[in-house]
Amino acid sequence: MIAVLKQNTSKEQRENLIAWFRSMGLQVHISEGDYHTILGLIGDTTKVDIGLLESLSIIDSVKRISEPFKNANRKFHTEDSVIDVGGLKIGGGNFQIIAGPCSVENHDQILEVAERVKAGGATILRGGAFKPRTSPYDFQGLKATGIELLLEAKKVTGMPLISEIMNIRDLDLFEGVDIIQVGARNMQNFDLLKELGKTDKTILIKRGLANNLKELLMSTEYIMAGGNENVILCERGIRTFETYTRNTLDLSAVPMLHELSHLPVVVDPSHATGISKLVEPMAMAAAAAGADGLMIEVHNNPEKALCDGAQSLTPDQFDVLARKVRRIREAIAE
Amino acid sequence: MIAVLKQNTSKEQRENLIAWFRSMGLQVHISEGDYHTILGLIGDTTKVDIGLLESLSIIDSVKRISEPFKNANRKFHTEDSVIDVGGLKIGGGNFQIIAGPCSVENHDQILEVAERVKAGGATILRGGAFKPRTSPYDFQGLKATGIELLLEAKKVTGMPLISEIMNIRDLDLFEGVDIIQVGARNMQNFDLLKELGKTDKTILIKRGLANNLKELLMSTEYIMAGGNENVILCERGIRTFETYTRNTLDLSAVPMLHELSHLPVVVDPSHATGISKLVEPMAMAAAAAGADGLMIEVHNNPEKALCDGAQSLTPDQFDVLARKVRRIREAIAE
Amino acid sequence: MIAVLKQNTSKEQRENLIAWFRSMGLQVHISEGDYHTILGLIGDTTKVDIGLLESLSIIDSVKRISEPFKNANRKFHTEDSVIDVGGLKIGGGNFQIIAGPCSVENHDQILEVAERVKAGGATILRGGAFKPRTSPYDFQGLKATGIELLLEAKKVTGMPLISEIMNIRDLDLFEGVDIIQVGARNMQNFDLLKELGKTDKTILIKRGLANNLKELLMSTEYIMAGGNENVILCERGIRTFETYTRNTLDLSAVPMLHELSHLPVVVDPSHATGISKLVEPMAMAAAAAGADGLMIEVHNNPEKALCDGAQSLTPDQFDVLARKVRRIREAIAE
Amino acid sequence: MIAVLKQNTSKEQRENLIAWFRSMGLQVHISEGDYHTILGLIGDTTKVDIGLLESLSIIDSVKRISEPFKNANRKFHTEDSVIDVGGLKIGGGNFQIIAGPCSVENHDQILEVAERVKAGGATILRGGAFKPRTSPYDFQGLKATGIELLLEAKKVTGMPLISEIMNIRDLDLFEGVDIIQVGARNMQNFDLLKELGKTDKTILIKRGLANNLKELLMSTEYIMAGGNENVILCERGIRTFETYTRNTLDLSAVPMLHELSHLPVVVDPSHATGISKLVEPMAMAAAAAGADGLMIEVHNNPEKALCDGAQSLTPDQFDVLARKVRRIREAIAE
């Protein structure tokens, strides 16, 4: 860690500060310039509160050299983590396609979609029972009933499940759910993360719309510091000024997260783009960028009678996507 | 609401869609062009799920004309809301300054800061007991003890309190707290909002770092739809590419929110800028833009021995700020 | 085009406005609601000045249904454009790799890099002679001498050239350059675009750091409206809050631009990410997303003696990238 | 300047690098840690090419301590610069209001608006003759004729003029124009900036939509390094995800630029917000934040017959704004 002191620092202030650093077990190296003095802090700086440091009047700026996350850090765990999901593996070369409807709507819908995506090549079933919606007037999910329908689809198809949690008091309902999803809007709901850190469930955590990769890894740290190391990261688009797409899918996050962390990285092109035509090319791009998995919204539309397609992929479109993604996977494996 | 149909829509599809709109009690006006057909939907469209509509294959795009929020909407409630806070009023010309430390640290600190900011002109005391921190290794707040210390400061100074809630299970602790703050990271923690909507506490809701004003008002709607109309909005900076300041304070949100909504709007220049030197000018600017209140971090620094200032304002700096803000308030009142 | 009128519009105002629209040859369809009146404008609205329209006091908002760009619009030119570059083709299934150093530095450097990237599979040589640098104190390029060195490399290797123009008065120097690049910082230098529209040179236009796809296509329109239809679009990252990467590469721009326009789309992962390790995975992802070409920075580093690598790819790293990209191309062609 | 070396650096590489820094006249202080070695570089680092440095394979990251701009830097020029504009002063406590139409449209319009804004309290007349428009089909300005009309208005009213240049070849036309404006889209048109640096005209440079304050000051450096020190900075909103306002006015830029630089800072709330109702509160906020001037769009609308208002302020609205801004100025002067 580097601390740059302001120009007008008195000798006494400086010595007090250095003594304080040393009391935390850090070595301090000093470089003096005409306008600034630079302190190089050597040792375990993970637990230094950078906010407190920056608030001191004699500090100009602080820069971390080591990343502040430990458990998720590739530096201290060079091998890829391989996470077990109901017998399937993800990470370290193991690739899985998660597919299913945005919301569980009824028995026939979830069963039909589950059978179809399984046939197409999906290995994990997704389905929302608790839905975070911008408007209180929009459909909020089937809740407990939705989870029950998912469990039925799991029983019939044998596919492991993923579903989103919004409130820790619903945790018991997720007993049969294989991966608990923390949505983008809850990525910094630290109380929820802490509670999930006490469980042994696999957690898929989505990057928030305004969160950088460091913050994603620090939120992961909340889970892992609690003892739960079964974490999967998910890139699902960030908020930018571009309006043609719902969000901007940041695919460079895939190799960057692999560089920073040993955890598997999954990409959700459906929520990122919000446009069905873009899902297939972005799924292929994600696979080519080295993602460990995909999360694809597939929908057997109840409005089918009304209009013959949707923003989600139809099962037929999913079949094509899965085939093309397999070809990309083969191409990068050669 | 306007729905634009795609070019290749069949007559049958169109008629099905129009029948569906009519079944929801909407009138439908049709404009046909060479490349597109436009449907004007007239009636109560607040509860139309725009996501579902956009997902239909025959829809090119959808545009709301009426805003999707009702309870907070200025159109249906033209008078400014005036919120009562422990006998004080905020909104509709009533201006309050909230001040206090970021975190409650100990008895002497909170008492001393409270006395000082009260003397300087603050009318409401802030202090964090539950602290959302990016890192699990940073100080997480004194929790219940922090609330107790705040209550003591309230008893001594008579100032109403504001403090942040992070988990609804802590609600009972907030009984003596006059305003419950929902922080930026929880602005779309919809379960928390719903629960707060069932209480009769005054809620101050901060705009999320990546949230636009419509989303802030929709989150407000979660609270108000539950029956709790005591809501104060707070602008505290959004996330942009600029790195000199911690966030970018969007002061145009103040008059824009006043245009869209009847609720009071408070500005927090401390968290927005992250730089103590910018707090005073931004506080003055916020007052000049018509804010109904300010939220200022003031800190009687325990590191005082070590270094004589901080990122938060000192009580002396707060005195100057409060005096200058009063002059701005007088200037705009004339 | 849709114009939404404000609530308090008088009958006379409305009739004046409608008469004005009709005088422009537009048909006007009217939908009246309780709070708003919606006008559907049918006809050639490309040349309606939306800024003027929005400025009228009786207008609440305006929404274009047809895109305001004509020449680049897929709707009016459904076939992919195939651009000829010194005998090579790009677009419509033809894929080219552009490679070379960021700046031309000297004779040996450009010749060596050119030979190496040609051997590795690059088909077009890039090299900067005029360099837009944030600081006036940084190296500004070899200018005319740089172009001469590029022409020599072209003569030796037979590779067509691309180089960036910053000032129209340098146009004569670009006679032997096959593609003139308009950089991100000049994407809205409309005077430069107009002048380039009068030439018959192939123009590669890079998306600006804060520009959405519509603005990119409108800038393209400046060139094409002048009669020059040889335009290649280039995605090179946009500016966001993420700081790990220099910019955020928006790969969804590739399929989205293909949907909106018939022009070829090239991706520059080197400038987008600013990190050599990310260039290969992002190049592969771009190819998988359907890009018509890549632009890769390759550098035979003069600091080689000093340190054995660089942010640009080495020729060896480029060989690997080109081989992997070919495999992706085969996988998506099957 | 601080350079952090990567972990796996050889002793030889490190010594080569240090020798290279010393050859540039810099002192090098070394701090060694377990995972990183930190070099503190002391001396004149302004002309070190940070891009080159970051590209070296042994460098992990580089951080400037001193700002890379010299001429505009408050550190080397602690007094506020006061710029003379046709006998008026701006900066160092001198406040000016620039007002006028977005585009010069005809003789009567510009004369009438000029007289009216002068009467209301404006001291400098703005008017666009060369207009950067997103679409080539939108009105591009009256060009030379527009400048002539402005000069006539100057003659009649005695007000100094400001107008935007888009192409250096038009420079001669600006002889009688007192301030040449560089628009947001040309903020990094470095060739234009260099040429303006050779003149002795006062230049007002607007912040680009995606540019941070450092880049604005570096662009200023292009002008000042050429010998022209008459530069005024202008904040006019940046591009963010918020869509209610056209851009997001970053008023914290005002005190921040004053901290970093001695140059005057003007705010343009009209272009920033794009909404006439927000112009007055944002103008007041800018004055309260310490801006040295305002730039306000005032329009004697030719569409008046058609509709009685506009997005620009009417002269009457401007009168009110100017009066309120004067009160704010008095309040902050006390």
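A, B, C and D are the chain letters, set down in written order, and residue numbers restart from 1 in every chain.
Criterion: contacts are C-beta pairs under 8 Å (C-beta built on N, C-alpha and C of every residue); 3 or more make two chains touch, one makes a residue touch a chain.
Please read these numbers as outputs of a predicted model, since none were measured by experiment.
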In terms of mean CA position, the chain most removed from chain A is D
Between A-B and B-C, more contacting C-beta pairs sit at A-B
Whole-angstrom distance, CA centroid of chain B to CA centroid of chain C, is 39
Cα centroid separation, chain B vs chain D, in Å, comes to 31
Per the C-alpha means, the centres of chain A and chain B lie apart by a whole-Å value of 26
Contacts with two or more other chains occur in chain A at residues 210, 238-241, 243
Contact graph of the chains (line, ring, star, complete, other): complete
Chain B residues touching chain D in their complex are 210, 212-214, 238, 240-245, 248-252, 254-256, 259-260, 272-273, 275, 277-278, 281-282, 284-290, 324, 327-328, 330-332, 334
The chain C residues in contact with chain D across the complex are 13, 16-17, 20, 46-47, 49, 51-52, 54-58, 68, 132-139, 166-167, 169, 185-186, 188-191, 194, 208-210, 215, 218-219, 221-222, 225, 238-239, 299, 301, 303, 305-312
Counting only contacts in the complex, chain D reaches chain A at residues 2, 4, 29-36, 38, 40, 42-43, 60-61, 63, 65-66, 75, 239-241, 243
